[in-house]
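In the two complexes that follow, chain A is the common piece, with chain B as its partner first and chain C second.
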Partner chain A sequence: MRETRLWSLHILVIPIILVLLGAHFALMHYAPIFYALSVEKAREFSTMIARGKNIGQFVVYILLLAAGLYHGLYGTRGILRELPWSPALAKLIDLGILIFGIAIFALGVYVTWWTFNFELGG
Partner chain B sequence: MLVAKTITFRIRRFDPETDSAPHWDSYAVNVFEGMTVLEALHQIKAEQEPSLAWRSSCRMGVCGSCGMFVNQFPQLACQTQVLHLEADIVSVEPLPNYPNVKDLVPDLQPLVEKHAEVKPYIIHPDLKEMREPSGEFLQTPAEREAFSQFTYCIKCGVCLAACPTAATDPAFLGPQALTQAYRYSADNRDSGVHSRRDSVGAFHGAYQCHMAGACSHACPKGVDPALAIQLLKRALVLDNFGFGKKESQSAKVAPLADVVKELEEFAPPPRTAE
Partner chain C sequence: MTNNKPAVDNRRLGLRGWVYAGKYTFERYLYLGHRLSGLGLIAYMVLHILETANRMRGEQAWAELMAVFASPPFKVIEYLLFAAAVFHAMNGIRLMLVELGFFLGKPQEPVYPYKSSVLKHRPLTYLVMILAGLLMALGGSSLFFP
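And then the complex of A and B:
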């Protein structure tokens, strides 16, 4: 059943988000500790770009983007669909959320990919 | 009986034949200790307002007819003592989340329809045995305990009135129907989760429950529908991924002779004349 699969996936991504959020904190907010850098050095543009070119970070952010978007948009759909829409409008909401999600995911992938390929002074 | 207090009852009135919208009327009632909201309504009807309408029957919390919105909380009028409300003004309205027939009478048709939709009966793979039983479906105390509390539902509809999701989503099956879906799905004689999933596994089914818990708080029989719905979600997910209860796991028939023999073994020894 479609709804069972959608709901199961929304529950399944919760631990994935938690793990990836941990990775995000380690890579971004605790970068000085994680990479053993001074706070000033960790904040430098060149350091951030260097981090962005790390394949591990690239994968973490693509996965976090996918998992977070799915979980968030599934919840948004649940809230919106709770209102008494006509079946046609309910389908339109589903479609709108799907298109929005794909668009935001594509944008996120593009930005992450752009950072991954950015050349300093290039 | 000693009068303990004079309480004002604010009752929401509506007669579809004469009123275009509901309005409120107030009645002063001399309340005695132990007097229920239902008894107060009877007194108002007998002494002040003969046209006041509500639905009730057993007066003892068994039939589930007198669900009302008393002081902004859905409950059975026959189980609610006026003085326990600790208020000088008691408001009484028909149950929310239902159409209003007249005064305090809700139209429980949505409840009945949603209940029927979840196939609230045992679905056993052996149809022949269901129709022409040759013996007993045995059930251990532990197997009974798995769904025991959910059998106490009296179909009063109070849980659906308390449900915030049902307030915004009229198509939501609601706690009563979903609890009954679980009650039967958890029964070891039943293998019907799969055939119930079209209704309970749809968008307006179990997954729409946000677990506010208001249903469990309001249930006058102590049933925990919020728990039943979460267990139902688990059963649906397991069924969907092929880990659910198999038809072969449904209760087997024990020949009547075996049942009698077992009963005899557990029966107390016959009394002997002294």
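And then the complex of A and C:
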């Protein structure tokens, strides 16, 4: 049952990733097409900070971070778990991926929070 | 004495099982591509989080990093990343539809010669791959010829 829940979540986050990653690509990599903004301008420090201070962007980044990391790390775990590990090693892999995921998610949230609170010229 | 042992024990292929296509041909290579693109994307995502943390070192450090990413080799890498994301997403949509039972036809009596579910949904496979190709071409043209 636990595995079914984990797999279902892996599938359920896909629409979130499709929409938010699509928007992220449009904004950061295809800004000239979708926003009439040069890629250089879209990636400037001041533009990036201004974007990060928007509450909508803040929520979107956290959601994308959580959904993307969960989907990707669960997929990686699935690939690794296909190999014939001993049960103890398999648990160790699960634990390692979980700790890694939490650490990288925490860093992402911290950077997003830092940007949200940053004062330009301050 | 009869040897009933299968020629290839699928449980013991190990790493070879990730790339050994057997008779599944096209879909098996999509499966391999899905894994490789997925691993590439999660590796990139982790690097991307670390790289964007660089903003905390200040405007100068950020500008220097962005100048590196504006160079031609990074443009190519950026495109490969985009292509991997498009492929993974389109193939993932196919997998999700098939896993939910779409495009497989109605259940039938298993009468020989059997028609595999892989063959039943192959038109969908071709369709999503054509769409993926179009999106990749579109993304490439706008990235390299803005």
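Operating definition for what follows: the second predicted complex is superposed on the first by the 104 of 122 C-alpha atoms of A that agree within 3 Å, B and C clash if a C-alpha of one lies under 4 Å from a C-alpha of the other, contacts with A are read in each partner's own complex, and residues count from 1 in each chain.
Heads up, the rule we're going with is that a residue touches a chain if its C-beta (ideal position, glycine included) is under 8 Å from a C-beta of that chain, and two chains touch if they have at least 3 such contacts.
Source: prediction; values computed, not measured.
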item	value
Which superposed partner A:18 touches (first chain B, second chain C, both, neither)	second
Touched partner set for A:47, first chain B, second chain C, both or neither	neither
Contacts of A:1 with chain B and chain C, given as first, second, both or neither	first
Which of chain B and chain C A:83 touches, first, second, both or neither	both
In the superposition, chain B vs chain C on chain A residues touched	C
Common interface residues of chain A - those touching chain B in one complex and chain C in the other	82-84
Contacting residues of chain C [partner chain A, same complex]	11-12, 14-15, 17-18, 35, 38-39, 41-42, 45-46, 49-50, 52-53, 55-56, 59, 62-63, 66, 69-70, 78, 82, 85, 89, 92, 96, 99, 139, 142-143, 146
For the chain A and chain B complex, residues of the former touching the latter	1, 3-8, 78, 81-84
Partner chain C, residues of chain A touching it in the complex	11, 14, 18, 21, 25, 29-30, 32-33, 39-40, 43-46, 48-49, 65, 68-69, 72-73, 75-76, 79, 82-84, 104, 107-108, 111, 114-115
Parts of chain B lying in touch with chain A, wherever the complex brings them together	165, 168-172, 197-198, 201-203, 205, 207-208, 210, 233, 236-237, 240-241
